[in-house]
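Read the structure below first, then the notes.
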Amino acid sequence: MVGGGRGAFIGAVHRMAAALDGEIELVAGAFSQDPDKARASGADLMLPPERCYGSFQEMIEQEKKRADGIDIVSIVTPNYMHFPPAKMALENGFHVICDKPATFSLDEAVELKRIIEKTGLCFGLTHNYTGYPMVKQARFLVQSGALGKIRKIVVEYPQGWLSENVELTGYKQAEWRTDPKRSGMGGAVGDIGTHAENLAEYITGLKITEVCADVSTFVDGRLLDDDANVLLHFENGAKGLLHCSQIANGEENGLNIRVHGQKGSVRWQQLEPNTLHHYDNDGARTYRPSVGNLCDSAKAHIRLPAGHPEGYLEAFANIYRNFSRTVRKTINGETPNAFDLDFPTIDDGIRGMQFIETVIESGRSNAKWVKFKN
Amino acid sequence: MVGGGRGAFIGAVHRMAAALDGEIELVAGAFSQDPDKARASGADLMLPPERCYGSFQEMIEQEKKRADGIDIVSIVTPNYMHFPPAKMALENGFHVICDKPATFSLDEAVELKRIIEKTGLCFGLTHNYTGYPMVKQARFLVQSGALGKIRKIVVEYPQGWLSENVELTGYKQAEWRTDPKRSGMGGAVGDIGTHAENLAEYITGLKITEVCADVSTFVDGRLLDDDANVLLHFENGAKGLLHCSQIANGEENGLNIRVHGQKGSVRWQQLEPNTLHHYDNDGARTYRPSVGNLCDSAKAHIRLPAGHPEGYLEAFANIYRNFSRTVRKTINGETPNAFDLDFPTIDDGIRGMQFIETVIESGRSNAKWVKFKN
Amino acid sequence: MVGGGRGAFIGAVHRMAAALDGEIELVAGAFSQDPDKARASGADLMLPPERCYGSFQEMIEQEKKRADGIDIVSIVTPNYMHFPPAKMALENGFHVICDKPATFSLDEAVELKRIIEKTGLCFGLTHNYTGYPMVKQARFLVQSGALGKIRKIVVEYPQGWLSENVELTGYKQAEWRTDPKRSGMGGAVGDIGTHAENLAEYITGLKITEVCADVSTFVDGRLLDDDANVLLHFENGAKGLLHCSQIANGEENGLNIRVHGQKGSVRWQQLEPNTLHHYDNDGARTYRPSVGNLCDSAKAHIRLPAGHPEGYLEAFANIYRNFSRTVRKTINGETPNAFDLDFPTIDDGIRGMQFIETVIESGRSNAKWVKFKN
Amino acid sequence: MVGGGRGAFIGAVHRMAAALDGEIELVAGAFSQDPDKARASGADLMLPPERCYGSFQEMIEQEKKRADGIDIVSIVTPNYMHFPPAKMALENGFHVICDKPATFSLDEAVELKRIIEKTGLCFGLTHNYTGYPMVKQARFLVQSGALGKIRKIVVEYPQGWLSENVELTGYKQAEWRTDPKRSGMGGAVGDIGTHAENLAEYITGLKITEVCADVSTFVDGRLLDDDANVLLHFENGAKGLLHCSQIANGEENGLNIRVHGQKGSVRWQQLEPNTLHHYDNDGARTYRPSVGNLCDSAKAHIRLPAGHPEGYLEAFANIYRNFSRTVRKTINGETPNAFDLDFPTIDDGIRGMQFIETVIESGRSNAKWVKFKN
């Protein structure tokens, strides 16, 4: 693991997600650029000090030498520190799983794809929300034609935690996310807008072709956007809206999506992730994990019988489990099946970086529509 | 009453809303342009045949002559037939209450305002959703500063009933709403978008200054829009989104609003109108009719103790009751109080017509932002 | 109308319910036993002073003499004052609609039934909750066999408004409801327990055969029960629970029911009366007014298109409308249809009084089960 | 681990719960009484074959000899197989964590407590629902006096999965739960009624003193109860109801509780475990994980920031984590703190067995009230 030392948030999430299914084990880490903190963080996790490295370079070099060295490098650092360890890990023969957005810039993401293709190794991106079983079911309903031709998509991701200037109070999670040197070009757009974009494209199978964005920074002195309202055009003539915010005071993590087709609609809300609403002009029904008929993909991503709520970590773990199964089969020379391969890849990463750069450009532009960057 | 004969929808709503509080009585009508249907409709309502007129002109002329003639003309016809009876009624000394949008075009609305001012009579517009007590409470929370400076407004009004070409099946409600000769320039934008616009401006007290609209007609052969996604700029720097649809299959009448201020947020949903959510980063509370402390205006618009759900008709009746009290006091030479005067007027009507014409223009424009029409 | 003067609650409800559909008109009243208050209350309602009587006796005598006298007497007094005006009205040829519970005691109810049968007049009882369209749909699902054999019924009616001794503060609604001289034997059991009992029997068509009750008075000094938990046996082997409370602090008017059959279940909650949940081990669906296929009875009790919430007053008005249509047809020598006749009668009233007296007896008994009183 | 081989449900839950926080590692097991299945199950879990034992006796004997032997025995077998391995493990110096209910009979539970006290070892019981953070918050609100004196408790646990005779179809989870030789005296009462009882006593800190139960078996041929409705008396004069069912068709795992005090109420529902409703006659508020002020105990049992739903496994893991910390500190000679010690013990186990035996006895009795067994 690269990053994820004391005080980090997403590192612990990755560790719990990886541990849940017992298919992957944390054995080494470069948890911090501060060697003392790196070792202390490793000790918290009961790792031997010799495998708690002071830098990702050292980790990669040393682990490569070990017979029992790691197979997978998990990257949980701020965005600017995704590409360098990913590149080095891949070039040294390690598979890589990385937090989103893929990289600091679109150019880096494109370059990363080139490296992945060259090395033939596995690369996973933790757009974790697509790991929820009811998201799989929504995708199935679209793909099976149950909704008819898709006409309208409304996706939103409001949060309220950056309503004030908390990045000035020493709050690390806020500091790097509002710092263009570490986050990249996008604030809310990069951190959560990309999740919304990814979810919409995953469920519908449709790609955004152009956007019209109103990008704002409401908090004085903040250097990146903290709110964006975006009109969307999709490739088959579908229209959409995406809005994301870090200043929607009181909103927790309200990733929600509605997809309206000619024959029916689905609605899914991350805060109640175990219910999928499917409705049309004749009525409404719900899908719930382990209840009645679900598609195979939904079933493959549920661990528990009906009525036992699964949450964020289980969805995250689904990404990890699928990725680790793909890696294992790849190592063993087996062919991963469709469920194993159901995790976000560098292609999702490139879409996300295109989204960030296109939305930010649109926000600055007087043109109504800006085409998705290539 | 002008319009509202057999087969109409909103006429019956106006009648029930007027009847609920016993302050206004239906005694005459021009329910249809077809004299037989007009009389039959009147008979259904137990009106004497001599007060069931074949045209609004006849009604106004005859009622004017009666000692016990009507005081108020209620206009519940399709949009193109709002202005002519309103003008004639006002010019003959009758107060007028009219369904929304105010008129067929912005020009007519401006002219109507001139007539109202000239005659000094009362004019009410049934933007009924502002009649809900919890909408009053939301407005109070904004105005009292409980939310801090308003930053973001998300308002939406999805419906699904026009997902197919039902206007070709003889369905009257669909026919005139999709006919530019009877509806005017806007389809979904005019019929329901104006409700969303009115609700947002009513609750926040902020006016929209410019819009960026993506206006669509999804159903083949339809002559007016059936979907619109609109970015909004408000006068104090607040940003917003408004979307409305008649093709969101399975949506009933999903008028919803969220207002995010620097200090907190409110959320209200028309399908559960008796709950107002007030939340910020420290937690969430709900307001409910007749529970705990509510603002005076909310209390003035509740009829029942806690736990007795009031709905659409009661909210509609609140508009009627306030309007009729204002008329009565005006007739009696008394001064209406602030609660009496809390009903939409021609100014709301003009805002609505500006909204329609600006959004439609923006939908056709390549410019990113189009300023609100004057 | 008998009762319902200034300061009353349910009188105004009856008036609004009667007015909503324009089929019944309030023309006379004995609104209070205090003649001044009676007249003042009548004046509020724009009734002529000569038809605002100082007693129900006077009203019945005088109205009987008028050519344009009333057809129906509506009784909205406290329980002890139901039987005397009902008896006199019926014996003088008036149809009667009365608030629940039917009478002060079971004996009175039985006597009242005898009078009704003797006179051949119509008697309606406002167990208003059965007026909701989605309750009709629930009843239909049971009766049509969609749920299979009914096994378990859970019905509850928690309120919190009597958590403290508010009857000592001059609050009229609390005063008479906690006074055994005016309410009868039951407190919560009589006021709201009977609604729960009526709803359960209405939806399932099954009669309670015996009960096991734990009846409590939590508030010091209160003379009647304010809480009851009751085990139920129904006639076909179904089991059930009923609980009602006036001291469930913070509960509004939480009448809820779940009916579990061998093949499926329904759930309905009065605070969200426009949604009926129908679910089984394979999934869940909802029924909503004016959406998709509903039974004829549900459709006959809806006034508005989909998405326009109807509430307590509309359900109450359904009882009034059906009753008044039955009265009109009876007067006109026509035969009321099944929808007209769908209102609670003296038989429901007797069931309610049996329920009160059986539950109170069970509460005092050491026997586990007490059979329903006859 | 004892039990939990292929085809088991709760064994996998225990393993995931134990793995989540990385504080406990599965290293050996007696997963099945069938040695082949035991080894195959162990291989699935990547355990070495020599630590996959054919019986718990063998496991305990062999592990005791190893320097790196296990510290904790986790028992996930059907009820009749709790006591023997627990007794042997404790008597051989191992700490024990065991699924609920504690034992096959109350006598065994009492004997087990004697053994635990004699050995001085740790014993945890996985009444997992008390592990939810919002349950901790509910308990805090009661204990801090925010609700005032507790008056009424309504707790329920409906399920529908045994609506039909699925135990005859080879469904293992149904087979042993409906078999009195493996489950003990209680069916629904033992399997889920005990969870409801435990939750009510945990949150309120009040003990049930007597019950009045209506216990049913609805499915033909079933040997144990599948439904129970129970009136409760608690020690401070509080009244309550508990109902549990396996034949409430369509219910998933509907463990819900409402606690009504003189000053306010709380409501918690297992299917939406991240929201706690706190309400009184003046209004309602919600508590959510990582939002605003929560009690220390709630905060100590949350892993993620606001808006990241935690579910059943995380609550289960909280029990495991607290238990394992207590074990570790005990082994290290440290003193566990209050949070470490917040897991169910043999005392909860004895309460549960008392509940089962008292409710079943009451169900068979004509006496109204049966005192809680000692």
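As written, the chains take the letters A, B, C and D, and residue 1 is the first residue of each chain.
Following the convention adopted for this analysis, contacts are C-beta pairs under 8 Å (C-beta built on N, C-alpha and C of every residue); 3 or more make two chains touch, one makes a residue touch a chain.
Note that the structure is predicted; figures quoted are calculated from it, not measured.
Asks: To lay subunit A over its twin subunit D by CA atoms, how big a turn is needed, in degrees to the nearest 5?
Replies: Resulting rotation angle: about 180 degrees.
Asks: Pick the pair from A-D, A-B or C-D whose contact list overlaps the B-C contact list by over half.
Replies: Matching more than half of the contact pairs of B-C: A-D.
Asks: Centroid from C-alpha atoms only, then distance subunit A to subunit D, rounded to Å. What do you get?
Replies: Once rounded, the distance between the two centres reads 35 Å.
Asks: Determine the centre-to-centre distance between subunit A and subunit B, using the mean Cα coordinates as centres, and give it in whole Å.
Replies: The mean C-alpha positions of subunit A and subunit B differ by 43 Å.
Asks: When the C-alpha atoms of subunit B and subunit D are each averaged to a single point, how far apart are the two points in Å?
Replies: 55
Asks: For subunit C, write out the residues touching at least two other chains, lowest number first.
Replies: 161, 251, 281, 284, 288, 291
Asks: Testing understanding: with touching defined as stated, what is the shape of the graph linking the protein chains, line, ring, star, complete or other?
Replies: Complete.
Asks: Within the complex, which stretch of subunit A touches subunit D?
Replies: It is residues 9, 12-13, 15-16, 19-22, 26, 45-46, 159, 161, 173, 251-254, 270-274, 288, 291, 303-314 of subunit A that touch subunit D.
Asks: Which residues, counting only subunit C, touch subunit A once they are in their complex?
Replies: Its residues touching subunit A are 281-288, 291-293.
Asks: Looking at the complex, which residues from subunit A come into contact with subunit B?
Replies: Against subunit B, subunit A makes touches at 147-148, 151-152, 154, 156, 158, 160-161, 163-164, 212, 214, 216, 218, 227, 229, 231, 233, 239-241, 243, 245, 247-251, 258, 260-265, 279-281, 284, 365-368.
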